[in-house]
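Before anything else, here is the set of structures, which you'll find just below.
Two complexes come next, and they have one chain in common, chain A, joined by chain B in the first and chain C in the second.
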Partner chain A sequence: MWSTRTRNWFLAPTVLTLLVIGIFPLLFALNISLRQYQITNPGLGFGWNNFANYVTVLSDSYFWGSLGRTFFFLALTLPVQFILGLLIALILHRQEWPFLRAVARVALVIPLATTPAVVGLIGRLMFDSDFGLANWIVTLFGAGKISFLGDPNLALFSLAVMDTWQWTPFFALVLLASLTAVPQDAVEAATLETTRRWDLFRYVEWPYLLPGLTAVLILRTADTMKLFDLIFVMTRGGPGTATELISVYTQRIGFRVFDQGVAAAMAILSLIVTIILARWYIRIFYREAE
Partner chain B sequence: MSQGVRSTPRRKHLWHWLVGLLLLGIIVLTLFPFLWMVAASLKSRADVLAFPPVWVFSPTLDNYQKALSRVDVIRSLVNSIFIATTSTGLALLIGTSAAYALARWDWRGKRDLWFWIISNRFMSPIVLALPFFLMARALGALDNPWTLVAIYLTFNIPIVVWIVMDQIRNVPRDLDEAAIVDGATPFQAFFRVVLPLALPGVVVSAILCFIFSWNELLYALVLTRSASRTAPVAATSFMSGYDLPWGEIMATGTMIVLPVIVFAMLVSRHLVRGLTLGAVK
Partner chain C sequence: MRLWRFLATLGLTAWFAGVATAQQWSLAEAAKPYAGTTIKAIFLDRPGYKAAAKLIPEFEKITGIKVTNEVIPYENTREKIVLDMTAQGGDYDVVLVDVVWIGEFASNGWLVPMEKFYNDPKLADPALNLKGFFPILLDSFGTWDKKIYGLPFDNYAGLLFYNKCMLEKAGFKRPPATWDELLKVYAPKLTDPKQGIYAFALQSRRGETQSADSFMRMLWPFGGSLIDPKTFEPNLLSPGSQKGLQFRQDLMKYMPPGIVDYDHNEAVNALAQGKVAMITEWSAFNGTLTDPKSSKIVNCLGVSTEPAGPAGIKGALGGFSYGVNAYSPPERQAAAWLFIQWITSEAKAKDYIRAGGVSARMSAYKDPAIQKAYPFTVPMVKAWEQGNPIFRPRFPEWPAISEIIAQIGTEMMLGKVSVKDGAAQINAKVKEILSKAGYYDGKKPKLQ
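Presenting the complex of A and B:
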């Protein structure tokens, strides 16, 4: 029964499908990335161009700018989401108020499931320069109305707020799951040694939090590299290029500037980053699959 | 939990209420943006645009009526249902058998195959969107729902394979062997014995696939025009020009989000596992 042939029949549908929709398009993108390729400008031909697309990308200050903004955005959102998520997890891990805790756990699922494009719509509503709620809060403090999405610095900040609303629950739920996995006898043994909450956290709970935290950090990094929906809806990368993170820039070159060769080169470069992140993630978390 | 040892009853009391307050704060902040959208969808135009914002208003369903009288909104919702359901169904059909192979057989290179299948989940949509666009254009398959069904398989199949494989590992191997001894083929043993026992995993992965397909924007934006436009694309297409129909936009947003929230609640216990591909249980 456990013959190799039987096994291959079971694997075939998945392998064939992923070859057609996963590998073939990648090879196609690789091919395009090495050619002059502008479908709106066929007069230029579609010949090989000696890595000119890659040279264009790597010497393009907008590309580096968008990459820099992507990392800046990560530096802005990851620490905040982690700290808020950890605090939420620690509060939810306590014994008090079982009903409120249950409600909070259910509530945390809502931002995670909300369609990212719709999160962008909500962002447009809340940060509107005329009637937005953010402006109401600003005027409560006596300041005048601000064009949040029209100001280069504030636009990126507004995106970070919406991103934080959507993804802090991810940190919270993962860290809560890890806290729940701390063996009760380890906690009891530790409480005999110390009465300080910090010691309990640092020496007993923290080691259990690390794997989950690592998982979330890698996934959030990968997600930010592909962050598109929220930005496209809220700012389209503007004002100017102030909120143009890497995948918004690639999309603009490929589908609005219409230079597919250069866009493919950028896509291949981000693919390399993706593969590194994915390998790293899988190596850490799936030793058992070996 | 350990702070109780030394603290006075009075301090403990205070702490208790503080935790309650923090919990309330978490709930309010987590729900607020979502509820603000729902509220806007029920407001009259004047109330949506009011400044300072209106907190108490008489709700109206006008916005829903207007949104649903637009052909493009209805069509996009129908498209989304078709595309998400079909892609989920196909992913189950294709992926579950690979999950079985990965759970039951061991061979050299299994890890590499596993890595390759799962890594599709990490793929940045922008990497595949471009070649898919050019291929679909050449084949005349732009604005065709099946193109989206196919491209969504790139993230749906890994989800199915991972979750169902994990579930099948919990089904004792003796059961398949007993079925074979009774004269079943390996395929019958898989479909009639193993798969029904792995049903919880199948259901969870199906719901996760549906959520991810339903929420997707970039592929849908690039690969559709009008006929097979999905709901998120339709909602974002409202956002051009001045004088935006905010009420209708928020009504459409609410209608898009509600089904996925219901689904997410159903699998809330597995959501974290699904999002981390099982790294966190």
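Presenting the complex of A and C:
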């Protein structure tokens, strides 16, 4: 209908935008990750420094510590969010209670639409050691007051709770959409074969969930790798380094110490980790779907 | 005789000339070339800035210069300024300079040396009187390598705020004079964990709060220091430093659990709600504690200098000066100077205090009316008169060191690392940062 040239013109704005806001910053980061780049200390110059930034990062025990903590946080949040999200999706997928379903769908969007910084503020209030909701629940069970955000173990757990509150609906909505894509005749045929709900789920619905699930896992992993605002507001990475995930550490080096070369090297390494994890999810889950 | 007469005439003429120029100089006249200019100042969400906002309309009316502001959370302020400066954007004309940033900003040439303005008769108010500032504040917040880059604007001293009623109930008629007394005599009697009542709260949240308000505060009174002032060698393993850090651990028994998550607000609120008997906090929080809206202890509030250690009081010192951005266009620079000169002037000092600010002008605090209306200024002035100008090193490397202390300092409080091991770890990192900067091989003069 249109010539290739016309079509290219229509595509150009998108490609251009992508270049400006995606590709250029990436190349810029790659560039400065290979340079001495301490902007508060211009006297040192901005020359190439033979991968010194990468050597610094890879031999930095705090970097590995924060990366390990990030993985731990992923392992803590993703399964819970997936299972809760799946349960919600399955409940909402039933044909009964149309009104409740409509309300629930709207309610699910609210946490997603909340700014992470605000979620962090809510978290600070909920886990406050004096008048927080969490402590009220604890005292209901007769236990003494607990300082959730002041205890290194509980602080990360508290963050995981807030993250789960915010992102479980995302799992639920995507899985729900996938469930509606299951062809009705396949379900009907299957119900003739078996009366067990589990079989129906495992052999008919599950394969349809996998593409969506893979996408959500990739997005959530990338989100967690760059999870910053929630943590900064709730604990600022403390107490000690208990909640210092990789993004918080990168920000600390980049905008507190202002060694942007080293921070850029960390960001590039985080990107590589994210890509590896994404490939891994695709291999495990997507393969199964095919 | 003739010579005498000649000299006298000469002197008299000079004196008249001086009076004449003094009469000639007026803010309105000086600002004429800059009327209509708009300058932007950096504000924090603190009482001193709200006070300035109340006074600014008067300045705008006299000069025709418009002063806008941008309120930035303290934790992000340096980041914003550094990014603006490295981009040479000149976004902020009136630059807020924390005592610990002056070295970085001045040595990078981001601020205009103030001599450019105060030596310019067109711009300098003859009543400027730089000697009228508390010397420690002008030296510490505004001066780097013997040059003035900023005039002290928002000024703090660490003070002991305490709940008189709680102390009296426990049988104490006066606040503790020494840290030792606080720990051994006062703390056990004022702590009742079952009721959730604690003797003391030391704000220790990770960040500048941990490094400055918690960690550094406990070093100096016990004879310790972060680095040796002469050799710049890390000094945390010295007996004095170790004693101070160990003292902090011992005192934690009498602090609320989760103290490592307490920021200024949490500590001040704990005192204001009657849950804690004593805190050492910045003088600026006096407003929160005397306001019935935010404090239950308005009638019980007592203020004194921080307790002394074996090495004396050596309380916390902090505050901000206002400097002029070197990348702003010249007319905005001049307008910014006129504003800074005016807001920190002796003439405006009492207005500024009454509006809720804390002036750096000595003369204002000699007024008995001010002393009576603002009792906290009395111990504050005392603290400044015997203050410690290098409470925190002001060199450009401090932010990196502060990050290290913030992290290992909290881990130390949590018992994840021993006082000795933690101090050794910080020492090693400090040595690394300072040698990279070139202090040990003579590449950089040892200024702090």
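Note that in this section the second predicted complex is superposed on the first by the 243 of 290 C-alpha atoms of A that agree within 3 Å, B and C clash if a C-alpha of one lies under 4 Å from a C-alpha of the other, contacts with A are read in each partner's own complex, and residues count from 1 in each chain.
The criterion applied here is as follows: contacts are C-beta pairs under 8 Å (C-beta built on N, C-alpha and C of every residue); 3 or more make two chains touch, one makes a residue touch a chain.
Since we're looking at a predicted model, the values are computed, not measured.
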item: Which superposed partner A:42 touches (first chain B, second chain C, both, neither); value: second
item: First, second, both or neither for A:152, with chain B first and chain C second; value: second
item: Partner chain(s) touched by A:6 [first = chain B, second = chain C, both, neither]; value: first
item: Partner chain(s) touched by A:130 [first = chain B, second = chain C, both, neither]; value: both
item: Partner chain(s) touched by A:255 [first = chain B, second = chain C, both, neither]; value: both
item: Which superposed partner A:235 touches (first chain B, second chain C, both, neither); value: second
item: Contact breadth on chain A, by residue count: chain C or chain B; value: B
item: Residues of chain A that lie at the interface with chain B and also at the interface with chain C; value: 39, 130, 255
item: For the chain A and chain C complex, residues of the former touching the latter; value: 39-42, 62, 129-130, 145, 147-152, 155, 235-241, 244, 252, 255-259
item: Residues of chain B that touch chain A when the two form their complex; value: 1-3, 5-6, 16, 19-20, 22-24, 26-27, 29-31, 33-34, 36-37, 40, 48-53, 93-95, 97-98, 100-102, 104-105, 107, 110-111, 113-120, 122-135, 137, 150-151, 153-154, 157, 161, 176-177, 180, 186-187, 189-190, 211, 214-215, 217-218, 221-222, 232-233, 235-236, 239, 246, 249-250, 253, 256-257, 260-261, 263-265, 268, 271-272, 275-281
item: Chain A - residues contacting chain B, complex; value: 1-2, 4, 6-7, 9-11, 13-15, 17-18, 21-22, 25-26, 28-29, 32, 39, 88, 91-92, 94-97, 100-101, 103-122, 124-126, 130-131, 133, 135-136, 139, 162, 165, 169-170, 173-174, 177-178, 181, 187, 191, 194-197, 200, 211-212, 215-216, 219, 222, 225-226, 228-229, 232-233, 247, 250-251, 254-255, 260, 263-264, 267-268, 270-271, 274-275, 277-279, 281-282, 284-286, 289-290
item: Touching residues on chain C, where the partner in the complex is chain A; value: 75, 79, 82, 86, 104, 108, 196, 205-207, 210, 256-262, 275, 396, 399-400, 402-403, 406-407, 410-411, 413-414, 416, 437
